[in-house]
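Got a structure for you, questions after.
Chain IDs A, B, C and D follow the sequence of writing; residue 1 opens each chain.
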Amino acid sequence: MAGFDKVVGSYAEAMAGLEDGMTVIAGGFGLCGIPENLIAEIKRKGTRDLTIVSNNCGVDGFGLGILLEDRQIKKMVSSYVGENALFEQQLLAGELEVELTPQGTLAEKMRAGGAGIPAFYTATGYGTPVGEGKEVREFNGRPYILEESIRGDFAIVKAWKGDRYGNLVYRHTAQNFNPMAATAGKITVVEIEQLVEPGELEPSQIHTPGIYVDRVIVGSFEKRIEQRTVRSAN
Amino acid sequence: MAGFDKVVGSYAEAMAGLEDGMTVIAGGFGLCGIPENLIAEIKRKGTRDLTIVSNNCGVDGFGLGILLEDRQIKKMVSSYVGENALFEQQLLAGELEVELTPQGTLAEKMRAGGAGIPAFYTATGYGTPVGEGKEVREFNGRPYILEESIRGDFAIVKAWKGDRYGNLVYRHTAQNFNPMAATAGKITVVEIEQLVEPGELEPSQIHTPGIYVDRVIVGSFEKRIEQRTVRSAN
Amino acid sequence: MSLSREQLAMRVARELQDGYYVNLGIGIPTLVANYVPEGMNVMLQSENGLLGMGPFPTEQQLDADMINAGKQTVTAVQGASIFSSAESFAMIRGGHVDLTVLGAFEVDVHGNIASWMIPGKLIKGMGGAMDLVAGADNIVVTMTHASKHGESKLLPQCSLPLTGAGCIKKVVTDLAYVEIADGKFWLKERAPGISVDEIVAKTAGELVVPEVVPEMEF
Amino acid sequence: MSLSREQLAMRVARELQDGYYVNLGIGIPTLVANYVPEGMNVMLQSENGLLGMGPFPTEQQLDADMINAGKQTVTAVQGASIFSSAESFAMIRGGHVDLTVLGAFEVDVHGNIASWMIPGKLIKGMGGAMDLVAGADNIVVTMTHASKHGESKLLPQCSLPLTGAGCIKKVVTDLAYVEIADGKFWLKERAPGISVDEIVAKTAGELVVPEVVPEMEF
């Protein structure tokens, strides 16, 4: 199935076409399930003035945080950016713009973007700064605000297992924003831990059907833990 | 986990509380993945003036078609109702109302209903009879119509495997509308083929998390085939 | 000679490209799957929730839980995925399907299509057709050029209630291949042995005819 | 004596019912999980996509791909499910979570809550808090009744930017359990040894005080 073989051989190839000023949607929650090597490739490329749509912005020195070091990010669209001293510094210095978006609204904006729904109503954020300037409308006597969907020039995604066709399965809570991000990129690039043969993934257990995916690369991952909490074994 | 044990022992118990005039959302596509025994229980109960939200209305003598025999359905919300002579007869006689809804819009209306999204914009149906009387709005230069979500007093769902907590997995294309229906009922009743122990279903491979489900019943199914198409084995 | 059903499917199949995800409607569009060119791979999407539809099952493979959007029993190819109707139409509405092929009663010079409802006749419903025409960039309509009574189906303005507005750019009929742009039909190819005069006579909407109209080859 | 963090969690835990799906915010709300009454079962929802959150892992169980909304490594209980953020907030926004517990800076008599932003200080973001308060019918806010400087956090009108409007009905503070209805606070219980006078003095919004205000029992 030559036309459906989406595996690329290098990270340079995986991120080919990314240009200054583009919008990149990234999967991951905190440092869990982030496309860490695709992010590193963006740093290596030195692409600038990026708008990054991601629930968080990594930490100092890991994840999206490394794109702050050379000031590659112009704007973040996120629900929470509090884990990152460099972020704070650039924000206060006016070098970085941030559009804070409620977590559920952010997830739904990505899904809607991928699903051809340009806008939807939600009660989330009504009466708060998030609702300012947005249309308010009542349904069944309750006010809702209008939120528009998000699409990206690129989406960067981390999955567990994948096949050449781009069918993907995520592992545990590393799923998070990845499935929605995968649908919302004009070019969707996925890095996976394990390449399997087409047919190995049970069709009805595939989280992301390959139709959403343009490029697949097999990577190895550090998977840094942000809050290491353990209990004693007994 | 007593408080989470949702298994009921009889179909009467499964559909307890269903009253005349209620709205019932049903999973299934054609005769595939329909909650055939829950439908039979509605016939047995004789509940009337029902609004049924389902992609199709079964066939004469099977599936939702059997609810037409005693005129239990007041209104159907469906995308396609062409497989049913009794349906045609009651529609032409003015005994039955039908609200034809594009298939994708119908699926999204159910999902939105379950997800707390009261309305969304879609290009589907713009400029057609479906768009008549609905708000039109442009996003990025393209016109879209506003569609409102659907919730039901009951949702009736057919799954393959399920546990006592209501976690569900669907089999092959019997998934179809069932996951969305499951989220959109005030009371969601599921009939399953196979009861498994909590923990047997891999957490990240559950199609419908138990939080959406109120009652579970184990049934046996005829699974009638609507269009039997086969090829020779060689 | 006007094209046969098989020839219509063969002509539509030339719009396929390697690696395309394709949704084929019921009827002639379904036949397109039989004419995928050698060495080319396409993946068929069935809107009830199957990407990678395979052939009909053998008696041994027959499974009531495995059907296509036409409610026929089918199989899945290796590498297929199966999902909910909401996910299926997210793909369709979101423009992820590369090519959609469907039938119609009428199309017009504005790219409008009418394919689901004849007032006065029983209305069975639009199924997924409205979503498919609204979601796809690349749609091929295939139908006869005129009705049995000789009335053109390529109109200045659709007379029947629409399935979608302004969404059709390519029409393969039994007489011709026609594109729609700038409020006109553009004649691109004619069926073997069909004269330009016949096509002009059977096209009610404005038709631009180039000096040379190549014949389709099969 | 004003309630300790553990006592706050214990009082909130009395709002639990058998079979409840519960979302617990970061901080004191998290402690509520330690005080689920004997014989009662609740299932914890973590908004990053986990229903059925278990205790922290042992060293052997530790897994970077298994975290909660506070980004802490966790485990899953038997019968848990794991899903996307869109599915997680479909549950939350759709009102499927039975009880949500979260902290706040301020609440007011209109049921407004401010919990995410102090102008002039660095804004870190609202995370899932706005979705949680908009989606839940049954929310318990837990916080200190007044600031360290003695300023009431139960106000006629929130002074800080809101997290949600008109959504809070129950507040457990270190001094009292208060309900919100009809544009007023309603004093329902007081912490052991805390006088009604002290509660009145530290409640800036209109507070309705019944003749008898029972003491919380622990």
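Following the convention adopted for this analysis, a residue touches a chain if its C-beta (ideal position, glycine included) is under 8 Å from a C-beta of that chain, and two chains touch if they have at least 3 such contacts.
Molecules present, by chain and UniProt name: A, B = CoA transferase subunit A; C, D = CoA transferase subunit B.
Only a predicted model underlies this, so the values are computations on that prediction, with no experimental measurement involved.
Should one ask which of A-D and B-D has more C-beta pairs in contact, the pair is A-D.
Farthest from subunit B (CoA transferase subunit A), judged by the mean position of CA atoms in each chain, is D.
Measuring from the averaged C-alpha position of subunit C (CoA transferase subunit B) to that of subunit D (CoA transferase subunit B) gives a distance of 55 Å.
Each chain gets one centre point, the mean of its Cα atoms, and the points for subunit A (CoA transferase subunit A) and subunit D (CoA transferase subunit B) are 29 Å apart.
The distance from the centre of subunit B (CoA transferase subunit A) to the centre of subunit D (CoA transferase subunit B), with each centre set as the mean of the Cα atoms, comes to 35 Å. Mean C-alpha position of subunit A (CoA transferase subunit A) lies 32 Å from that of subunit B (CoA transferase subunit A). Taken residue by residue, subunit D (CoA transferase subunit B) touches two or more other chains at 76, 82-83, 89, 92-93, 134-135, whereas all remaining positions touch fewer. For subunit A (CoA transferase subunit A), the set of residues that touch two or more other chains comprises 108, 111, 115-117, 122-123, 171-172, 175, 203-204, 207. Pairwise chain contacts present here: A-B, A-C, A-D, B-C, B-D [touch as defined]. Across the complex, subunit B (CoA transferase subunit A) meets subunit D (CoA transferase subunit B) through its residues 1-4, 111, 113-117, 163-165, 167, 183, 198-199, 201, 203-204, 206, 209-212. Listing the residues of subunit B (CoA transferase subunit A) that touch subunit A (CoA transferase subunit A) in their complex gives 108, 112, 115-123, 137, 139-140, 142, 144, 148, 169-172, 175, 203-205, 207. For subunit D (CoA transferase subunit B) in complex with subunit B (CoA transferase subunit A), the residues that touch the partner chain are 17-21, 40-43, 45, 51-52, 76, 78-83, 87, 89-97, 134-135. Residues of subunit D (CoA transferase subunit B) touching subunit A (CoA transferase subunit A) in their complex: 46-50, 55-60, 62-68, 70-74, 76, 82-86, 88-89, 92-93, 112, 117, 122-131, 134-135, 161-166. Per the touch definition, subunit A (CoA transferase subunit A) reaches subunit D (CoA transferase subunit B) in the complex via residues 29-33, 55, 78-83, 88, 91-92, 98, 100, 102-108, 110-111, 122-130, 160, 171-180, 207, 223-233.
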